[in-house]
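Chains: A, B, C and D, in written order; residue numbering restarts at 1 for each.
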Amino acid sequence: MQSGNSELKNVEKVMVPITPDFNWSVGNYMEKFFDGLKDGKFMGVKCPACGRVYLPPRMICERCFKKMNEWVELPDTGILESFTLASVKVDGDGELRDLQAPQLIGMVKHEGADTCLVARLEELEPGEARVGMKVKAVLEEVPEGVLDILSYYRPYE
Amino acid sequence: MEKKVAVVGYAQTRYEPDSDASREILVLEVAEGALKSAGITRDDVDTVITANNDYLDGRTISNMRLVEPAGAWLKDESKVEMDGAYAALYAMMRILSGDHDVALVIGVGQASVYATYIPGIMTLDPTFDRERGLLNEVSAAALQARAYMNAYGITEEHIAEVSVKNLRNAALNPLALRQMPDLTTDEVLDSRMLYSPVRELNAFPPSDGACGVVLASADKVPGITGNPAWIRGVGFSHDSYLTERPLHKLESLKLAAESAYAMADIADPKEEIGLAEIHENFAHEELMAYEALGFCGQGKGGELMQSGATRIDGELPVNPSGGALSANAACAVGLARITEATMQVRGEAGERQVQGVTTALAHGQTGPCAQENIVFILGGE
Amino acid sequence: MNEYKEETTSIKGNWPLIHYRWKSETVKLMANFLEAFKEKKVLGLKCPCCGLVYTPPKPFCRCLCRPEEWVEVSDEGVVTTFTFSGAWSFEGMLEGEGESRIIVGVKLDGADTMFLCMLEGSDPEEVNVGMRVRIRWPEAPEGKIGDMMIVERAT
Amino acid sequence: MQDVAVVGIGLSKHVSKRRDVNIAELVYEAVSAAYEDTGLSPHDIGAVITGNMPAFEGVNLPELWGAGHWGAYNKPLLRITTGGTTGGSVVHGAFYAVASGIFDAVIAIAFEKQSDGDTTMGLNTVALADIAPMLLYGADPTLLISMGGGAIGAVAYQATSYMKSSGCTTHHLDKVAAMCRDNAAKNPYAHLQQPGITPEEVAKTKMMEYPLRFGHCCPATDGACAMIITSGEKAKKITDCPAYIKSCTSCSDEGAVFGLYGGGTANVDPCEQEGCKIAAKKAYELAGIKDPSREIDVAEPYAPFANQLLMFYERLLLCEEGGAPAVLDSGSMYLDGDLPVCPSGGVISTNAIGASAMERVAECAMQIMGKAGEHQVKKEVHNAVAHGWGGALNLIVVAVLGDTPRG
C-alpha cells in the first residue's frame, strides 16, 4: 500500500498490492481441442442443424441453439482472414509499450471451419501479409501449457 | 414511439486524462448538474440507474458506493454493466412500465484508476484467447479495421479523415479532452503506430469523466420543460464473439438501427435524421457505423466520409461534439452521445450547434470490435 | 468423443488490482480530522442541508449536499453493533482462532455516523448495543487513525 | 402496464465445483432447462437479460464470450449487475422489459461459477478500495482484517444487533439452519443435502465469527438459473398456471458498517434495514396486498446466514419487528406451516451468488405454479414474496408474485 505521487489538489491515489487469482475450467469441448492439439490435430465440432463448424469447438451452435457432438478433424492449414502488425503490446500494468521488433498477429480460419483462431504470424516479412493468403499452423514442440501449443502460422505454398 | 419518455436534463463533467476528483465526486457533479439542468430536486426522482463496471472501477459491486453521490439514497436504484446508453434504455423501460415517472441516469469511467487495457482483455474467452496475450481492445480493433478495409477497399486516408473531422469538431466542445482545431490527415497518419492500421489518433483516448441525464414520463414533462427531447425509438443487439463473426460489418448495429427506425417510424434514415452522435472507439468504426445505420450502402462508408456529408456543415453531421475519439470515459460514452443529441435537438449545443436539427441519432456500444450496439432516436417538440 | 472428464484443464489468470490507483478525497479531508487527534479532539463534518455530522468525515452527504463545516464531537458515545473476532470462550468452549478482539461499531455523541473500533478492558458478556464507551487516547496521539481505534467502557 | 408472468424456469445442477464445464456451458444447462420447461426456443424470445457477480470468476462481461451458449445470437441483450442482489435485479430488468411493452417475451439469466475464482478474495475486492485509504491514515492492517473481511464479517455485526433487539437466541439460529437444510434435502437443485439435520448438530459446528457458526452460513456454489418471462397474454398461451410478477421494487441505502473510503456511515444500525421495509411496502402497495402477513403464502428471503432469515422476515413486514423468533417457534415457517419460509432450502443451503436472488423469485414462481415437487408447501399458494440483499448490507430487491395479474 502506498500513496501515489500525484500532484492533484483534491484527491490522493491509493493502491493495495493484491492480485486475485482465477482458474477457469475449460470444459470438455475445449479439453478435446487441447487433447487434439497435443497430437497435432485440429479438432472442430459441427452443428447437426446448420453444418457450421466451430474451431475452437463450442458446446452449442449459437445460431441454432443445438448441442454439437459431431467432431471433425480439420487440416492444419487455413486462410488469413485478417492481420495486424503490432508495434506495441499491453504490459502487465495494462499500458501500451513499444515492442522491440514489430510482430504480426493473424486471424485464421482453418479449411473447413467457420470460426477463427488468433495467433502470431511468422516466417514472413511484415509487408508480405495479405488477407486471403494460405497459412499453416506451427505447433510448439515443448509447450509450457495447453495455451502455448498453437505457436504461430506461417505462409503455405 | 409517440411522446412517452423524454430527456429533460443533462450534465457532463469535463473529460480529462487524470481528473482531480474521485469517481464518487464525478458522479455527484453530474447528478447535481443534471437535476439542476432539469430544474428539479432529488425528491422528484423515482429511480436511479447507473452504468459502471466492476473491472473498470476496481471494486466488486461498483454501484454500492455510488448510492449517495448518485442521489439514489432510499430510492429504487439499479446498475447496468454496459455502456451508459443502456442505462438510459433501462430507465426508459422503467418509466414506460408506469411504475416510475422520473429517472436519473449516470454513467462514469475513470481511466486514470484502472490498468488501462486490462478490463478489455478480461472480456476475452478465458479458455483460450485471454491468456495468450495477443488480443486486447486495440489489437482486436486493428483486426476488424483490416478486415473492413480489405472487404471494401477502404484506405487509411479514409479512416484518418474521421479522426480529422471529429478532433477538429472537438475544438468546439469545451468538455472534450482532445481538441485539435488544426489537425491534418498527414498528422493522423504520422501519429504513433499501435497495431496497424490503428494509430494513436484513430484510437480512443482513455479518459476520466461522467455524464448524467434525467428522463421523464409524458405526464411529468410539461411540468419540467417546454423543450424536451423525446425518445422516439430505441433498438439494441448483441453480436457473436469476435472470432466467430464476420468482422467487416457491424451486424448488431444494423439490427439495433432497424429496431430503432421501426419504432421511430423512420423509412429513410439518411433523409430523416438530421444529425448523429456515434460512439466510435476507433475511427474506422464510424465508417462502419455509417453503413450499418443505413446512411450509405455497404462498403460506401469511405465515400460518404469523403463527400463531406458528415462534416459539421454537411447534410448529415456526425459527431459535431468530437465523438468518442475526443473524449472517452468508459460507461459514460453512449450517455454522452445521448446528451449531445439532446443538446442539438434542443438548440443548446453552443458553438457546435447544427441548425434545424429535429431528429437526432445517438449510439452506444459495449465490447471489443463494437460487439453490442444500441441506437436511440431523439426528436424535439 | 473421448471419455467425459469430470475435471478438465484449468487455465490460470489474475486481476492485477495492484496496478489500480483508486482516488479518494477523503484522504485530504482526513488530514484535518487526524490533526485534531493531537489535541485529543474528534471532529465531524456537518451537512449544510440536513445537518448530519459525519465522523470520520465524508465529502458528500446522502441527501446530495456537500458537508463542509467542521464541528467538534465528543470522544464518548454508544455501541451500535459488535462482534468478537479471534479466539473466544463461549459457554465453556474455546472457539475461533487468532488474537481475541472485541470489535464494536461506535456512534460518538454529536456525530450521526458509526465507525468500527476495538473495545478493550471489557468481557464479552458485558458488551451490548447501547453500551457507553469512550475513546482511549494514547498519551501522545500522533494524528493517526489508530489513535481513535481503541475504546473502553465509559461509566 | 402490460401484465408480466413467469412461464418457465431452468436450473443447472448446483454443487461446489463444476470442473467438467466452463462458465458458458454451465449457464447453458439452466437456459436449456428453461426452454424445455416451456417448449419454447430462443426464436420465441425478444431479449436476454443477464448478470452475475463479475469479480468472482475473473471474466469481465462474460456474455461477450459466452452468450452464444444462451441463445443470445443477434438478440437484444442487457446486462444488470448489483452484487448479491444481481439475480433479483436481472428479474427486475426482465419485468420492466416486458411491462414497458417493448418486449413480449424475454429470458432472464443469472449465474456464478465460484470454483473459477476465490470467493473470499472476491468478497475482499468489494471493500479493498474503501479500506485502502485507511492504511494511509495509519490503521493497523491486521486490525482491519479482524474487523471483518468478507460477507460473514459484515453480517456478524448485523446478527449481534438483531439478536439484541429481537431476543433471537443462538438456538433460533440453529433451528433456522436445520429447517432450511431439511427443506434443501427435498430440493434436487439445492447444493447442501443434509436430510434430518438437527439444531443440536448445527450448534456443534465451528464458530466462524461470533455469533455465526459454520452451520449458519451458506456454501460457495457453482450454479445458474434462467427464467422465461412473458406478457400476461402470451403466458396464457404457454402454460395453464403462469406465476404473475405483480411488482418489483428495490431500495438502496447508505452502506452499513464500513463508510466510504473509511469515512463514517450514517446507516448506524446494520439490522435496521430501512431500505427493505421501504421496498417491501411499495411492492405490496403495487401488488394490491394490504396485509402481507395474511395475504402472502410463501416467503423466500435471501438469507445466506441464519439470522437474516428471521430479520428479513420482519423487514419484509410479515410480522412485527422482533417477532420472527416467536413465529419460528410457532412452527408456521416450516413447509406445512401457515407462511412457509425458504421452502427451497434458501441461500443458506445453495449460494451461486449472482443467481441466488433470482432463485428466490424462481422458487416463489414454482410454488405458485405448483411445480416445486417434494418441497411444494402444504398450503395453497396465491401470493409469494422474494427478496435479495447485497452490497454493504445496503442494496435491497423485492418482488411479489401471484396467481393472478396485478389487480
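FYI, a contact is a pair of C-beta atoms (placed from the backbone, for glycine too) under 8 Å apart; a residue touches a chain by one contact, two chains touch by 3 or more.
It should be emphasised that the depicted structure is a prediction, and the values quoted were computed from it without experimental measurement.
Looking at chain B and chain D, the chains in contact with each of them are A, C.
When you average the Cα atoms of each chain and compare centres, the chain farthest from chain D turns out to be A. A straight line joining the Cα centres of chain A and chain B is 29 Å long.
Between the Cα centres of chain A and chain C there is a gap of 46 Å.
Centroids of chain A and chain D (each the mean of its C-alpha atoms) stand 37 Å apart.
The centroid of the Cα atoms in chain B and the matching centroid in chain C are 40 Å apart.
Residues of chain D in contact with two or more other chains: 19-23, 55, 58-59, 67-68, 72-73, 116, 122, 125, 128-129, 132-133, 136, 254, 260-261. With touch defined as above, residues shared between interfaces to two or more other chains in chain C number as follows: 4-5, 7-8, 10-17, 19-25, 27, 62.
In chain B, the residues that touch at least two other chains are 21-22, 24-25, 55, 58-59, 67-68, 73, 114-115, 118, 122, 126-127, 131, 240, 244. Taken chain by chain, the contacts link every pair, so each chain touches all the others.
Against chain D, in their complex, chain A makes its touches with residues 1, 3, 12, 14-16, 18, 20-30, 58-60, 62-63, 65. Those residues of chain C lying in contact with chain D across their complex are 4-8, 10, 13-15, 17, 20, 22, 24, 26-27, 29-30, 34, 52, 54-58, 62, 80-86, 88, 90, 95-96, 98-99, 101, 103, 105, 107, 111-116, 118, 124, 128-129, 142, 144-146, 149.
On the side of chain A, the complex with chain B involves touching residues 6, 8-11, 22, 24, 26-27, 30, 54, 56, 62, 81-90, 93-96, 105, 107, 115-120, 131-132, 147. Within the complex, the chain D residues that touch chain C are 19-22, 55, 58, 125, 128-129, 132-134, 136-140, 142-143, 146-148, 153, 156-161, 164-165, 206-207, 209-211, 254, 257-266, 268-271. Of all residues in chain D, only 18-25, 28, 32, 35, 41-42, 55, 57-59, 67-69, 71-73, 115-118, 121-122, 124-125, 128, 131-133, 135-136, 141 touch chain A in the complex they form.
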